[in-house]
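Next up: the structures, one after another.
Heads up, the next two complexes both have subunit A, just with different partners, subunit B and then subunit C.
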Partner chain A sequence: MTDQAMSDQAMSDRAVDRGMTAAAGERGRFRLGRLNVEVRREAGAAWRAFLTAASVALGLGLSAAILVAAGVPAANLVDELLVQTLFDGQNLHAVLFQAAPLMLLGLAAAMAFRVRFWNLGLEGQMIFGGIGATAVSLAGVGPESLRLPMMGLAAIVFGMAWTSVPLLLKLKVGVNEIISTLLLNYVAMNLLFHLLYGAWKDPRDGFPHSPAFAPFETLPTIAFDLSAALVVALAAVAFCVYLLARSRAAIYMRFVEASPSAARALGVPVAGVTIFAVLLSGALASLAGFVIVSGQEGRLTQSFFHGYGVSGVLIAFLARSNPLAAAIVATLMATLYVAGQNLQVFYAIPGAMVQLIQALVVICVAASDFLVRHRVRWVR
Partner chain B sequence: MTGPALSLRGVEKSFDGFAALKDASFAVDAGEVHALLGENGAGKSTLMNVACGLYAPDAGEVLVGGAPVRLSGPRQAAELGIGMVHQHFKLVRPFSIVDNVVLQGRGAGRRARYGASVEAAAEAIRAQGAALGFSIDPHARVDTLSVAEQQRVEIVRALVAGARILILDEPTAVLAVSDAERLLETLRELAARGTAIVLITHKLADVRRFADRVTVMRGGRTVATVDPAKTETAELTRLTVGDAPLSTVGRTSRVGRRRFEAIDLTCLRRDGAPAVDGASFHVRAGEIYGLAGVSGNGQSELAEALMGLRRVDRGAIQFEDAGQSVEAASPSRLRAYGAAFIPADRYSYALAGGLSVADNYAIGRVRRGDYGPVGWTRRGTIRSDAAAAVEAFDVQGVRSLDQKAALLSGGNAQKLVIAREFGGEPTIVVAQSPSRGLDVRASAAVHGRLAEARDRGAAVLLVSEDLDEVTALADRIGVMSGGKLVAEFEAPFDRQAIGRAMVDHSAPAHDAATAP
Partner chain C sequence: MSKVRICALVALAIGAATPTVAQEVFKVEGAPKVAIVLFGPKNDGGWSQAFEEARPSLEKVMGATIPVVDKVPEDAASITPPVERFIQRGHNVIIGTAFGYSDTFKKLSEKHPKVAFLNASGITNGPNLESFYGRTYQSQYLCGMVAGAVSKSGKLGFVAANPLPVVNWTINAYELGAKKMNPNATVTVVFTGAWNNPVKERAAAAALIDQGADVIGQHVDTPTPQIVAQERGVYGTGHHRDLSEFAPKATQCSSIWTWAKFLGPELEAIKAGNWKPQPYGAFPGIKEGGTDVACCGSAVSAEAKEKIMAARQAIIDGDPIFAGPLKDRDGKERLAAGAKIDDAGLWKMDWFVEGVVAQQ
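Up next is the complex of A and B:
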């Protein structure tokens, strides 16, 4: 043995001795113990559901504490956040009005995430949906009775065409879609400004928005004074639920998500499945753009898409890319928006507080993942 | 210090209600090589993960040098001189060797300043390497090293951290025969210098030749501790697998037409050198064609090309049923011709570990439309078929069809792959090292299935580095060397001649005329 090896041996002797005495000393005395973290091999569905619920509750609890600190009387908190928002007719209407595009965007993000395509270009796809719908309106394509479906169809076609750019870049030359989708949002936005400040400027008031849509070009309200946007969104939810439960695409998408290399070797048409899911994602996002333009704004505006991209991604994340869960989370998110608006009016709480609450809930749920994957034990 | 270097007493451990260890006890003395023998899923790795602090036991105690200890994690285990070399190496691949050693933050490499740590660790790595007879460049990046070299790095790292008890989990499973011999000799040498060595394995031959004592595990329990030199192989086998008999493979050949054929097949490595160099052979219906060779002579590349996982740069693969050559065919096209694949790397190419057993079974037949049209999948039928296949192919450890496939032990995961691949009665089977890492009983089951497929009239190609496996199963054998197919043999085989063909041509071949 070399001298160096000898001294290593001596050093490790000392290390062992130190560990031994520490262990021996600890046995006699009172001690709190230590945390031992193990990798959990498989977490049950019940445990996962409980963790998600508990972390949402924790996030809301922290938010409540912050709201109280900001001056909302603790006694009014539940009343303001839930009762007033959900049991007041006008507010409930506002919640459902908000929920429709959020559902579509949550689904859009979820579908892309299911095939490992991190679509951060939801806003750009919304913009193209809005541009497509408006183009049909301005050109006066088709009879009046068919105008609205034509606008919706054009929105989808434009949105899918826009989405195919980062999709093909990824499939053909391996461009990272996180970067390309994100940056293409700015390209779409500048194209929108180019149109609104130029060719599509409203000739009546000279403002940078398109001329108002005719009544037959706006989404009608249906029973109970609800917008048809909600019907479109719920139909999309039902389609996605069916798709992921019963279609052959469901098992293909699961394999592409879980292991692209195994999927390819097992004969799953990986490229085809990816193209299908990502174009579906783009179609859903552009449909969201369409329902906002046609159902809420009544014309193409400069900022109709603002902030929806992040919300869509957050909804898909909180819903773990499950379409039914996305619909529920989108409704909760809409509740939060409306409650936030009320808080703003009555207690002068800044609008950023809504984003803070959103962020707290998301951080709590994200952190709970650790407990899904690991088991923490107390070693006494 | 008194007592054994490391001992575990009455250890119990369960995962979500499944008892992986039941009253397991084990002790290793300084200066001995103590083998831990057992089938896949017997609890060997779990027991040693308790010893190295990765798992906290539900009951039982761990003693180091006779003193009870409570391990809060691998870091504390390392402080007590316990080091483990896992089956899947725990190295940061883009880092240099020395950075991997500094990263563990203990032992000879530890200094206050990073620069000083690197120097000290590099010195310690060289010293330990020299003592073991390895030449190691401490500044080489881990991902440039071969598997055998990475394993040496793991061992050296543990020794630099001051390990006096070294646990190795299936260290020879990933190594070629010569590297495995060398490793086992190194371990003997370490033991001779006073290190306690625990060798987790299921290879009886290694145990008999290199271990001083052997503890046998079965079903989460430690069954016996014996001296391998004084114990019959049959007795060790009986302890390992229980009293169940092992099936043997009979040979009934009714050879038919050529089912598939490789013609002048060439695949290039990334650096442009040929990995497979103009290989030509054919496999007929009702025979098993074995491809043998020393590891790294192009067999795995050839198998990958035949499975559609690797690009064919020249030549062609011909399938009888296709009626045409299928260069650069995708796996889905090859499967459409009735081919079934058992790749060596299960979790990259055969199973999605994160998905359920039912999904992993169903994917093959969903593609063929057995479970309804594109728009409607019959989930109930999938579940009942999957349950039946799990039963028929004896896949054990399936507690629920929704259980992740990654939780199956190696042998049972392989059985699940075979259950799926053989479900459609394939006419062509390509199997690559199908029993690597499997225990005796699971290997026998896999071999039985291959022979069954052959007897049914399938053309089976068996690519394996294990000459025993090839000679036991195959009807004809092709030997690969340096990317070329250098010789073909017909049963009955002359092992000496096959061995010579494997080795003689290991040097760059210049006698292309010997190709059949």
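Up next is the complex of A and C:
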């Protein structure tokens, strides 16, 4: 039995003690009974799917109420918010454009979380990915036909090297990775600024961004006007799904996630598994930096990584570190973002309200986790 | 992490060095419909709010409401969807507001050759795309005069974002203005490395005051340096908007954007079908609308104010501010006697005039 399961069992035994008294209370004249909260062992896939769908619906419902209160006509809300976002070619394109790096970051966070390594350094790893790719472009390494894969490879190598810093700090001297990964983001950011304000400043206009990449250094558009970034992201999803379903490493990772000390006692190579998963996480995050720099910006800019770190952690959390779920959640996040911008265009509501709506949906989904892990019963 | 934005523009530097490209008239198809894409929140108290405040008068010009999308960060994935949506809905004049929109606006302008694009602090231009920025050294020169007039110690502090030409020229103009009122005035600069970082701005302003500065100038996006000046009982001068709103006792002058004055005629021209986007971007000063001052606070004497307003008129009449003989702080001659700086020189300014103390 894993640690988690054992503690679940213990909590279950205490569940009755934690029964909550319903509003009227036992001493009231109308005895309403009690609301009992019990920890459940296993929640079925169907129940999970239902809860997730219901929580998304609840979040959207609350958002709709807020929007209507803010003066948005209720009649065309569904059409403008959902139908136009998902069934309009241009919008779907925008969603997928955003979703590709989000998928990679969701996967990156998920892989690290699976070995209990709280990687909050996704943005720093993205920056190093961007720096690696740009270094290859600036140095003109390799022939033109191989430039793009070499940029991607350099991004991965740079990202993994950067990720190994907090990894070694944790494994060798026990530095808490939550602190080290988070703070190293600032070091990476200042290194980026150092390069962009110094050696890598665009000589053409003197402004702090790298020279624009050549056409063969930017991710091409493939079929249906979609960027190759999406192919990279989907390949990464497939790789992670396969890895977790088929490999021995994945089984070890489950041991480490459940309890590192128990896993060590059972002979699982805990350090090796941790190194593998965390470096994979860093590689995925740096790949996200590469697809943004090469596929979207066309050069190294000062702000290409902004906000992605938080999104990646959030996606992995909502997807419960499942790679396939991470891809779906990433697409949903991108949909929410594009739909939110559409609302601004249509109704001139402030950007802050769009963020409120996005947060509502996310909080509803996160809160549904409680019902996955607990059973609530009315006791008369 | 803090937002990084570069208020910077236009490769005028190239423009002045090469023969002028003929300006072509650009006509939008049908009646012009304007939309604005803002970088920050529309009530950010600074850069973005200055555009929001210009909107009502632009709406009057167009005779229609102008929709806005705010908080659009500087990456292609965020900029493209709202712009495409506006165009899909029939908007054919798109106004952007960030340096980081430059590349994406260039791509969009090529994809939509019948739509007019304008981008504040951008650096890309085209047959249907015009970047624009204000000659902020003019207004900061006047605020420097105010600082020189109200300072007792002659030691002025300046909180700046990044050492870029657009920032360097405000610092240099500030010092030149201060010297006009007090020949011994010096400006000590702290670069925070960020456009919007209230924590660092507070630390920088406090350190400058501790070192004896009794006026705090600024070229960052938040009013924090003014608020610190007020808390510490010294004076200050603001940037973007009239910051006396935040520090009524401290702020004696602010360099402000007057976008309605510049964009109004631009939109009129688009409406009339004779808009000529500048091949190297538009660079309006106090005369054309772009920048100006909100001046002066109660600490400025009537006599000083008269001088400052006379200097403002001189700028409108053509005073270049940066005129020879002018040496940098290392004693190197930058402008010979009788020479005036050109736009190429402004966009390359990587030196400081005598009297500027900076760590860079």
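Note that in this section the second predicted complex is superposed on the first by the 346 of 380 C-alpha atoms of A that agree within 3 Å, B and C clash if a C-alpha of one lies under 4 Å from a C-alpha of the other, contacts with A are read in each partner's own complex, and residues count from 1 in each chain.
Going forward, contacts are C-beta pairs under 8 Å (C-beta built on N, C-alpha and C of every residue); 3 or more make two chains touch, one makes a residue touch a chain.
Values in this document were obtained by computation on a predicted structure and should not be read as measured data.
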Which of subunit B and subunit C A:255 touches, first, second, both or neither: first
Which of subunit B and subunit C A:265 touches, first, second, both or neither: first
Touched partner set for A:377, first subunit B, second subunit C, both or neither: first
Which superposed partner A:298 touches (first subunit B, second subunit C, both, neither): second
Touching partner for A:44 - first (subunit B), second (subunit C), both, neither: first
Which superposed partner A:306 touches (first subunit B, second subunit C, both, neither): second
Partner chain(s) touched by A:247 [first = subunit B, second = subunit C, both, neither]: first
Residues of subunit A contacting subunit B in one complex and subunit C in the other: none
List of subunit B residues in touch with subunit A within their complex: 15-16, 54-56, 64-65, 67-73, 76, 79-81, 106-108, 123-124, 127-128, 130-131, 159-164, 193, 307-309, 330-332, 335-336, 341, 343, 347-355, 359, 362-364, 366-367, 372-377, 379, 403-404, 407
Subunit A to subunit B touching residues, read off their complex: 1-2, 4-5, 7-8, 11-12, 15-16, 18-20, 23-24, 27, 34-39, 41-42, 44, 246-252, 254-255, 258-259, 261-269, 377, 379-380
Interface residues, subunit A side, partner subunit C - complex: 90-91, 94, 97-98, 101, 123, 185-186, 189-190, 193, 197, 204-208, 212, 292, 296-299, 301-304, 306-307, 337-338, 341-342, 344-345, 348, 350-352, 354-355
Touching residues (chain side subunit C, partner subunit A) in the complex: 1, 3-6, 8, 11, 13-14, 35, 41-42, 67-78, 80-82, 84-86, 88-89, 99-100, 103, 123, 162-165, 193, 347-348
